[in-house]
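Labels run A, B, C and D following the written order; every chain starts at residue 1.
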Amino acid sequence: MDREVIVLNEERNVTLTSYIQPVGGKFDNISKRPAIIVIPGGAYQYCSDREAEPVAFAYLKAGYNVFILRYSVGVHATWPNPLSDYEQAMELIRSRADEWNIYKDKIAVIGFSAGGHLAASAATMSKNRPNAAILGYAVTLEYLAKICEHTAPDLVSAVDKDTCPCFLFSTRTDRTVPIENTTKFISALVEHNIAFESHIYSFGPHGFSIGDSSVLKQDVEISNRAKNWVSDSIEWLKEVFGDFGDGDLTKPKYRPRLVDDGEEYLSADCTIGYLMKNQDARNILLPFMKNTMEAIEDIRKWEKVDKSIIESFVSKTTLRNLSGMAGVADEIVEDLDKQLRQIKNQDL
Amino acid sequence: MDREVIVLNEERNVTLTSYIQPVGGKFDNISKRPAIIVIPGGAYQYCSDREAEPVAFAYLKAGYNVFILRYSVGVHATWPNPLSDYEQAMELIRSRADEWNIYKDKIAVIGFSAGGHLAASAATMSKNRPNAAILGYAVTLEYLAKICEHTAPDLVSAVDKDTCPCFLFSTRTDRTVPIENTTKFISALVEHNIAFESHIYSFGPHGFSIGDSSVLKQDVEISNRAKNWVSDSIEWLKEVFGDFGDGDLTKPKYRPRLVDDGEEYLSADCTIGYLMKNQDARNILLPFMKNTMEAIEDIRKWEKVDKSIIESFVSKTTLRNLSGMAGVADEIVEDLDKQLRQIKNQDL
Amino acid sequence: MDREVIVLNEERNVTLTSYIQPVGGKFDNISKRPAIIVIPGGAYQYCSDREAEPVAFAYLKAGYNVFILRYSVGVHATWPNPLSDYEQAMELIRSRADEWNIYKDKIAVIGFSAGGHLAASAATMSKNRPNAAILGYAVTLEYLAKICEHTAPDLVSAVDKDTCPCFLFSTRTDRTVPIENTTKFISALVEHNIAFESHIYSFGPHGFSIGDSSVLKQDVEISNRAKNWVSDSIEWLKEVFGDFGDGDLTKPKYRPRLVDDGEEYLSADCTIGYLMKNQDARNILLPFMKNTMEAIEDIRKWEKVDKSIIESFVSKTTLRNLSGMAGVADEIVEDLDKQLRQIKNQDL
Amino acid sequence: MDREVIVLNEERNVTLTSYIQPVGGKFDNISKRPAIIVIPGGAYQYCSDREAEPVAFAYLKAGYNVFILRYSVGVHATWPNPLSDYEQAMELIRSRADEWNIYKDKIAVIGFSAGGHLAASAATMSKNRPNAAILGYAVTLEYLAKICEHTAPDLVSAVDKDTCPCFLFSTRTDRTVPIENTTKFISALVEHNIAFESHIYSFGPHGFSIGDSSVLKQDVEISNRAKNWVSDSIEWLKEVFGDFGDGDLTKPKYRPRLVDDGEEYLSADCTIGYLMKNQDARNILLPFMKNTMEAIEDIRKWEKVDKSIIESFVSKTTLRNLSGMAGVADEIVEDLDKQLRQIKNQDL
């Protein structure tokens, strides 16, 4: 492993510490590695060592190249300085990806508390988006961001369709960063159809980092599950990025989007409601829908359910799912899908 | 173990199957047991065996007495029939608690899908509230409840201050019960200051039950973390109820409430905003607050932060937490707490 | 689940309690189930409830059909009564396997302490051998067996070539059944080339059963790893028996034998020493061996190693492994293997 | 973390790479750290990178200071060169322990394959013994040691009363280092009353290191439990060394010795057989033994058991355990213990 401290901004005391592992040789199952940028917390006043190297070690063991970003804090924390630090770091890593044997499109960020605010900023509003984000008891709400650094932005409202897959964890009893910072961000991810996983543990203090005895006092009251996020997040990254295989990474385990309403072409994975707004799609679907709805209503005996509820339900369901409920043959769905994929999505 | 099928309602085909374990003898660390009522899913059309005994075995191994409730479904599912079935079951269990060596106040419910809807109904709107609720990919939103059974109520709006601690799990890609059913219920719990834990796994199908090979086909696409809810929920119940000890259960691991704004008497665990609305509390706090706020503002250099943000922040923070941030001595806080505890909460 | 107490021997108070789970329907991934016979401990004086149903629940959850065997104890424990009880139980289960939807050749035993002695007897000396055996802090040494029941046999010397795969666990500080009972049995398994897995945990008392709070007092001093045998043994059984798949079980994960010296025909998986004792095999191998040994000696620069050590090493190595060390092409090994497989093993 | 490559022997290319973590500051629960020396394998021909840093990262995350020892291999591997390298490394670490904030008496070794041979040499025959040893699929038998390096010694016969607590793991199907290397070493530990924990996994290849996808090809056939040794060994070290607490480490979790026959003074934790050989102890025990034996024989109805078996059993049992079986009051045992502790052990 090569470790190097790269100064990104001398005046603001911003550094990127790289931990680069070898490939090939005794690691002949690995030709390139994914990477992760660790962003420690500290209320935008400092960068906590407890959320730096202990975190790095976990991902190093998992085979990642790791970078610790010590960003602008204290008097230098005026926005967008910290975000600019991130942009500079990600640009640097991607520009040196070949030299460091890093997959350019498999670079995650992980941030804690205020560092989680910065990691979530990277995920939602940066030019150089990360490919996955792990957010630990992250600040996301405007009032709390501003209590840390008065120029820092709200992030719940920043979630957009290009936000990367996110993994969130926190403890419900966090008295420093109230749990709404997690739950409201999750709601925004849901609304924007962004892939995520989340773990809200029953109790534990703010700032528990990796939750091991190596970073916590013995008498700290914390759920014994709170430390599971470490191995869980590593497994999650394997799903999002793929796992080490035989030279190259294996295929990722799932498609991030649940519905394809935002894709360039329509498909059977768009919602009925979305498809029906397009005249071409409507023409294709109408004869099919009639039979399908009859089939469904017949199965479920929905005669007593308010029509508007059924319509709302159908409207939010994808063509593929509705067909599944109605027992429509796969061939028919594939045929509709093929027709729909020739229609450009006019909303984009 | 004694297993018995108790008919609760012959006409509606409602049964409660009891699995009662012995105490004493070779189980001399146990004099009574906590219990759990398992409520299988099935869209209010049937009760799924896959969400019945496999679940029961997990809690039996953990030392619980278990009951499986097969409630009113199909033509009998008109509301409030299923909830009445639950009420009848819980009344029966509590009335026979001595005979069965069950702690009357340590009885949980666990429900899946539509059974999760019923378990969440028990948690939020029943007369005989359970002491904890585990909700697996539960239906909670009105439109979806009504799609299952047109008379079933919305549950997000039903969360109240007496809702029991909840443990929620689901997969984000559930195409039958969309993830909003979990996230919106969580938001309601947060709003009402109810203790909870939640795990939303990255991907997996609806109805995965305990997530073992014993209930899933080999090629089902599901995150390898999705089955962790079983052992996690058992550990969580140990926190909420206490663990088997030396005859009696040990002390629960945490206080469910984060703030005590709803308690009978005021205290240092109420929020500043709540305390300030009470004239007596206000008189006690004002001299203290002045010093504390100066201390805090001095520490955090908040001169640039908008006053309204700080006020909002302080207003939502408990007296105990604010004192911690300001470095106020414990004795002073204890003294204030003692004074506040003599003031009755006029809002109740 | 159907639970039934079957009386095997009224006079000796021997019973077999069956816990039979359904197949098909909502368990449509399962057409038949593997099974396990639980044999509680109790020094051949009684059958401990703590090692009966809590164990059964774990395997029931994993999808097994379970039987608890309460065998001859106290005045009835004279050998071979307990073993006869086992034989009777296994015969009964196999004879009713179709009715109970059980795989006849996927029936394990699990025994604890003296029950472990009986389970190990089943594994090594019964007529109706089980297909896998899990031995928990089992008595295997003659002196200790006789201290429990003066007619009970030594089991270390009973291990034979037909002994089934074994999974052993115990704590090194067990003061009732000293750890030699585990280690000497393992050595006998090694000597007879029998598949096994073993976990000896650092410390813990005798009789800890599933190691959960549901069976242990709070202040018991025991390693936090000691309870891992439960899930580990379930995973191990999946390797030995295969896992639930799509109707039928999947293929087992590994071949139990390391070397095939005892098989009906010779092969490349026999040791060189064994092959060389057969004149036909010798003729096939000699030209090959000369080149191979030269290749190996060249690679490893063994000129200084005592010839007898190399000969002993080669003699104990299989043809396939030696070829691997010498970098022999796979085709050549496959060709030798094909020739050897036509030679009958004359030792049998 | 400070990383430094320290040259121990330039001619033989021996280095010690140190990874030293900070104490105090944000690690205010830590004033000093335990340490571990990682010794990679490679048949005494090279040092495998796959068993170096990936292992180091695991213990770094757990809070340890870590050293990787690259010892004499190939032409330099003539014994005792590798052991001398170890001695030099351990001397250096202990001499700089204050500077590096390391507990002098909490320094473990971990070795793999041939590196496991060197780690086991350190544990059994070095001048500067480690305080714990983790042995991964280690070579311990003479013939195999000599196949690697013809001057390397047998280690099974080297186990002595000063051997440190050991944690062993391997896979039963290891075709390079046969499982006897593990089982025979364990037997020697048992014979010498040395504390240990061991995990022999059902199947997997030689050299699987930490068993993660970061060091293994995707299609490697290995039990899914084989990687558990990493976290298990960390938990085991917490038992042996104590865990991070509030500045200092907590108390170790167990006493390594089962019986105190080798201690300076006699006690109730010596075996009856050992005590009876000492005339003073004999005088104290005889009146007590008579009653106790009668009590035991009465309880267990041992009239039919061969006298010599009972005598052998009693002889190997400690006074404390025998008293427990006979139901002797604790006060009586404590009184005997006090008397025995005044008798010097004449065998030492």
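The working rule: a residue touches a chain if its C-beta (ideal position, glycine included) is under 8 Å from a C-beta of that chain, and two chains touch if they have at least 3 such contacts.
Please read these numbers as outputs of a predicted model, since none were measured by experiment.
**Q** Between subunit A and subunit B, what's the gap in Å when you average each chain's C-alpha atoms?
**A** 27
**Q** Measuring centre to centre with CA averages, how many angstrom lie between subunit B and subunit C?
**A** Going by mean C-alpha positions, subunit B sits 43 Å from subunit C.
**Q** Please output the residue numbers of subunit C that touch at least 2 other chains, ranges allowed.
**A** Touching at least two other chains: none.
**Q** What graph shape do the protein chains here make by touch: line, ring, star, complete or other?
**A** ring
**Q** By the document's touch rule, what are all the touching chain pairs in this structure?
**A** A-B, A-D, B-C, C-D
**Q** If we count contacts the way the header does, which residues on subunit A are in touch with subunit D in the complex?
**A** Of all residues in subunit A, those touching subunit D are 1, 3, 21-22, 25-27, 29-30, 48-50, 53-54, 57-58, 60-63, 210, 212-219, 238, 243-246, 250.
**Q** Show which residues of subunit D lie in contact with subunit C when the two form their complex.
**A** Listed in rising order, the residues are 143-144, 146-147, 150, 172-173, 175, 178-180, 183-184, 186-187, 190, 195-203, 221, 223-225, 228, 232, 235-236, 239, 253-254, 258, 300, 302, 304-306, 309-310, 312-313, 316, 318, 321.
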